[in-house]
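Naming follows writing order (A, B, C and D), and every chain is counted from residue 1.
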Amino acid sequence: MAGRHFLFVPGPTNVPDRVLRAMARPMVDHRSSAFPALTTGLLRDLRPVFGTTAGQPVIFAATGTGGWEVALVNACRPGDRLLAVRNGQFSHLFVDAAQRLGFDVETIDVPWGEGVPADAIEQRLRADGGAAIRAVLVVHNETATGVTSDIGAVRAAIDAAGHPALLFVDGVSSVGSIPFRFDDWRVDAAIAGSQKGLMLPPGLGIVCLSERALGAALEPGGARGFFDLRPMLQANADGYFPYTPALSLLFGLREALDMFAEEGLPNVFARHARLASGVRAAVAEWGLALCAARPELESNTVSAVVVPDGADARRVIDLAFRRYDLSLGGGLGRLAGRVFRIGHLGDVNELMLLGALAGVEMSLADAGIDVTLGSGVAAAQRLWRRSYGATDGAIESAAITAGAS
Amino acid sequence: MAGRHFLFVPGPTNVPDRVLRAMARPMVDHRSSAFPALTTGLLRDLRPVFGTTAGQPVIFAATGTGGWEVALVNACRPGDRLLAVRNGQFSHLFVDAAQRLGFDVETIDVPWGEGVPADAIEQRLRADGGAAIRAVLVVHNETATGVTSDIGAVRAAIDAAGHPALLFVDGVSSVGSIPFRFDDWRVDAAIAGSQKGLMLPPGLGIVCLSERALGAALEPGGARGFFDLRPMLQANADGYFPYTPALSLLFGLREALDMFAEEGLPNVFARHARLASGVRAAVAEWGLALCAARPELESNTVSAVVVPDGADARRVIDLAFRRYDLSLGGGLGRLAGRVFRIGHLGDVNELMLLGALAGVEMSLADAGIDVTLGSGVAAAQRLWRRSYGATDGAIESAAITAGAS
Amino acid sequence: MAGRHFLFVPGPTNVPDRVLRAMARPMVDHRSSAFPALTTGLLRDLRPVFGTTAGQPVIFAATGTGGWEVALVNACRPGDRLLAVRNGQFSHLFVDAAQRLGFDVETIDVPWGEGVPADAIEQRLRADGGAAIRAVLVVHNETATGVTSDIGAVRAAIDAAGHPALLFVDGVSSVGSIPFRFDDWRVDAAIAGSQKGLMLPPGLGIVCLSERALGAALEPGGARGFFDLRPMLQANADGYFPYTPALSLLFGLREALDMFAEEGLPNVFARHARLASGVRAAVAEWGLALCAARPELESNTVSAVVVPDGADARRVIDLAFRRYDLSLGGGLGRLAGRVFRIGHLGDVNELMLLGALAGVEMSLADAGIDVTLGSGVAAAQRLWRRSYGATDGAIESAAITAGAS
Amino acid sequence: MAGRHFLFVPGPTNVPDRVLRAMARPMVDHRSSAFPALTTGLLRDLRPVFGTTAGQPVIFAATGTGGWEVALVNACRPGDRLLAVRNGQFSHLFVDAAQRLGFDVETIDVPWGEGVPADAIEQRLRADGGAAIRAVLVVHNETATGVTSDIGAVRAAIDAAGHPALLFVDGVSSVGSIPFRFDDWRVDAAIAGSQKGLMLPPGLGIVCLSERALGAALEPGGARGFFDLRPMLQANADGYFPYTPALSLLFGLREALDMFAEEGLPNVFARHARLASGVRAAVAEWGLALCAARPELESNTVSAVVVPDGADARRVIDLAFRRYDLSLGGGLGRLAGRVFRIGHLGDVNELMLLGALAGVEMSLADAGIDVTLGSGVAAAQRLWRRSYGATDGAIESAAITAGAS
């Protein structure tokens, strides 16, 4: 197919050309005296992305799934009791991973589309007199349902219960796109992946750890191999890695962090909020519902759109892919066929999203779902126009020259 | 600005990623025994793009402007009389170049927005009893006005007049996007540039020459340096160049020609026609006029849109660029401020253009021009949906898997 | 520093430009209907690289270290007894990883520089009447010492002992460069990494598994998270991955496997053998010894060179890096300061290695080690000239043209 | 063939990876308000490369051959008498180009291998009482013979003759590698190409013009099309180009100029001098002669090596290319078969050249020319070792860590 593919799954996201170029560098010796400068700079500049000054980021050649394991096997020990909230496919898989790794996971299940219920957590922790629960596991942004939960409330709940549980937060589809306040929320392990807000290809699991989590990691015990933090922390201290790191992704991460610095993280977050508002306006205009149960839960990085009863979201997705070169996310687990998902995180802007929304409209229509072509686009346009000041100063005299081809 | 820039000037066009990658190769020795395979393949595969089996393409490190000079200084001699049609800025500049090179150019001027008047050419040639006119100069697709002329009619006019004049056709913004019939039209020199339908960065002037033009080129006379065809033809015969060719652009041209072969030239042309129809439907929906005087003149590669009286197209262009990261073409020469131009040639698809049209709508509105947001987008969507068969077979069962991030 | 860095550590190796370019592609949806073609082709074409038709390759976003874990946690269960040979730093770390993962590892230790002692393995297995030993762990090519062991002999030893132990072979620095005969040797798990003979950046752990190993993997038991083969095999069966795979590395792997097919694996192996011979001839000419105890153990992918008593190999390495932009491998573990290592695997040719050898000579001389400049280079030149036929047919008439710049 | 090609022709030179990456950027609108910053910066930063503060650089999509034409057709008029020195193939072609463009060229011919004879120029100019000679044409660095001439002496000769002739200097293979003193030498037009010391692919002709030359360019007269300076200067004044410039090469030029600034031009020149000395030491050790007639003429960018009587340099070049993946330059014009040329300009370092010299040795031996393998390499090594201080301070404690693959 001619032209550019429109990639609007909620990960992998669109990798900026300059990140791709930064990655296309020849290899270097990861044990040379010149190497630590790279490592040190990356670990330093990851901190603000997690909203931390005291937390310690580590970078593994893995994915977010591997990041979960980093947190679990280092800060906990097999058999430990964990309290986890399940409100979507990724929180479900987080629980599943913990169980397969030998943890005793107690779950709080809420309908998919709901957020993390801080009150239920508080209640359960209050009941845990002996503090048997070692850690609380929640997902900041449920990629499967497009729901962002209030982690500050979770922290407040733990505090209110006076419980010493560690707090593990999956930030795979929020870190870098939605404000993450590691320090404010006193998170103990935050898990991110390279392929979402960090604008990189998949291949890195990035975890930020609190002092408490690090302390637990240094204690003996547990079966820890590749994800053992001890050799990693020891090597990182000198700017090295215990084994060959995924160099090209590190080169790309350097560039992505520079881009964050150039745009300014607050602006990155504001852009995601503005773009998400437009997408939601389009969905509303189409007369479709979001999977998120309430407006305050709606995610700024991914919108899960529910198709009308009788329709199959998989058909919409398939038509979009084959006819219009547009990739949309599918419904996962119990949502298969019920929702399609529009990823609007990472390196995206208004016109890219308007093209994608236009493609969604055509795919919906092709799938026999009643939608007015152009209607969602117009709703987003109205919002995105309004998001600029009515006047943005005198327009400079247009620099237009006439000339030959 | 985050995300991808929307480049919709009528050149340079969007260079496909795979062409950029093909260009990012280390240099090679252009005098090695391995080099001729590249040259020979390029010259062979350029032929179908010009619609010729007998014509001889040559490739210069230059631009389309340099391509004009290749035709003029080799097939004509200083002082020769040329007959040129002026119907836009590029035909104006073609005349200007010929004059500065010392030719005696007689012009047929028509209003900008008109096509090449075959009847006027015939009339003038009939009056040239002594056949003093050496060549007829026309522009196939006027990039400034978005007008495609009927070159077959020009050939018929020359034949009807029984005149031996050579026929020079500027195909800079048509070759590779709109059918060009070098052999059918018996063109003597067709001029293309790399940065339009050929999907490359600027830097190559590509000219296709007839046997007659080549014969004239081999005759002595005239002041010919860099653009002298004699050393070029001699070196090309063995697969070499008389001086170091623009290697990275040749690598890119190899890839671009492979892409043409993969998509199929008829499909490339059909895609351009379909995309152009959608853009024109949008313009009509906005209530705006095209610069092209009549529908049959409307170009499939560029649409020049006239803004309402009192509005300044430069302001639309400036707002699009600064607010929405969208590049539109400006009005050239006497059209400055009166038109903006949307390029829809090269490596473009529906969603890219829908994003661009949405951006144009916001820019028009921002500039105070009355337009219904989403209206042009919807008009294009209706057309592009219709352009697919009502049914395109059973949709394969969607390949959707559930999994973790 | 100007010019190209000379990277001659034994990994990461030089990534070919075309692999870097292949990796610099935009992301795709790993759950689209178009994706399985990539996965399926990779898994198919990895087989010959391992020398197998029946083995099952799997690809993890990890490194070779992660690959060890894939083999261990899936084919064995915590507490299983393993028999491992230690003859260098990487076999040492293999043991260490197994121990940290909770296995009961019995070791056969031989001096570093020695190969895997098949007779000692046979003896030990014969003594294991109850077949308590679940698996034998060996390293095919010890990267730390430049020693290649005879895995066929290990298989014969296991067979001679009539022992049912699984055979795990670390092929990180051999697979793709030295013949690996998975089927002939009846290996149960072979571990490779992307950053050595496969000519890719680090970031993939690739493991090939026998039917027996796969059968064990499907049995319940053990704490398996990220490296659990069950979801991987299930998803791979349809061409998908259970979580987002490291796409850019997969794109690169596709290209690397195509390069293997173009050169022909036997030619790849022969090239490595020829290049290694030249390096060894240079070392001999310098009057230095290899770490490998005997010629038949000398590796075709890495040469560990012992510096004279009193000299510090770290100084040689440091001078090479800072003065001559040459990266050499250091001595690992107990060999620190005693050896420097020259990697000669992956995408290397004669002139690259001659430049590197010349750089080693200057660094040795700068470090005060007595060496005749040019001597090692000449030794390699003599060998590499000889490696061509005395006559290779009539030389085509040189294609040399005169021309301007 | 595996591994990296060794490109040691004197142009195109090795393009640094970072320049290739900088070029692999998407296109931009060359008429946008953001574009002038690029143009202005390039023109500013080219000045020091030419050694000028007052000269005016211009950039054409062309080659050095086109650059000659820029100087000739703008600063002179057809029929003008020019005085040109011919001492090699490129000065020969410079004369040829001038003649084909209609100039009356008087030549001073000296043996190839000689430099520009300032005394002969002075003598001829003194005899030109009526100052009929409009310009003197010389080549700073004859790429065909590896001869660098003393342009300061040429300037002194013109001054001594009290002659008003313009001074045109071809600096194609010197600018950016050998000090060029545009202001000191009062050059009127200096011509460079992108593909030599500027480390770019071919495709740009870059010319630096004096105030006098610019004044002449603005006068009417002559047949000037593509290379007409008037529209170029007018558009450049605002940061634009009169036609679409070769954008990717401009992006690359930006990066190359940044690299010059990072290394420092004096260091760039010193590096070329040091590398050239080593190559010459190798040639001397081989017992072969350079084409340059005297040591003070020997070029720091290219060495033309004369093969013994009876040998054919083309065979050496062909063997190098086919057997060792090494590109050497051929003898041009009357030197065909007599010399091979080693380019040592642009982005080169010691180890790259040592690999190339080793390849030359093997090719010479293969061609039956008596040479001691390793001898030239050793000669260069001795020189390049010496070129560093005997002591360069304490070597930092080597940063070497032990770890797993």
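In this text, a residue touches a chain if its C-beta (ideal position, glycine included) is under 8 Å from a C-beta of that chain, and two chains touch if they have at least 3 such contacts.
Given the structure is predicted, the values throughout are model-derived calculations rather than measurements.
Annotation: A-C is the more contact-rich of the chain pairs A-C and B-C, by number of C-beta pairs in contact.
In this assembly, B is the chain whose CA centroid lies farthest from the centroid of subunit C.
Separating the centre of subunit B from that of subunit C, both taken as means of CA atoms, is a distance of 52 Å.
With centres defined as mean CA coordinates, subunit B is found 43 Å away from subunit A. Centroid to centroid, with C-alpha atoms defining each point, subunit A and subunit C lie 35 Å apart. In subunit B, the positions touching at least two other chains are 4, 11, 14, 17, 21, 24-26, 31-33, 63-65, 97, 193, 242-244, 318, 322, 330, 396, 398, 400, 403-405. On the subunit D side of its complex with subunit C, the touching residues are 1-4, 6, 11, 14, 17, 24, 63-65, 89-90, 93, 97, 143, 172-173, 193, 196, 263, 268, 271, 312, 314-315, 317-319, 322-326, 330-333, 336, 347-356, 358-359, 361-362, 365-366, 372-375, 377-379, 381-382, 384-385, 388, 392, 395-398, 400, 402-405.
Subunit D contributes residues 17, 21-22, 24-26, 31-33, 35-36, 231, 235, 238, 240-244, 396, 398-401, 403-405 to its touches with subunit A in the complex. Residues 4-5, 7, 9, 11-15, 20-21, 23-34, 61-66, 68-69, 72-73, 78, 97, 100-102, 193, 195, 201-203, 223-228, 242-249, 318, 321-322, 327, 329-330 of subunit D touch subunit B in their complex.
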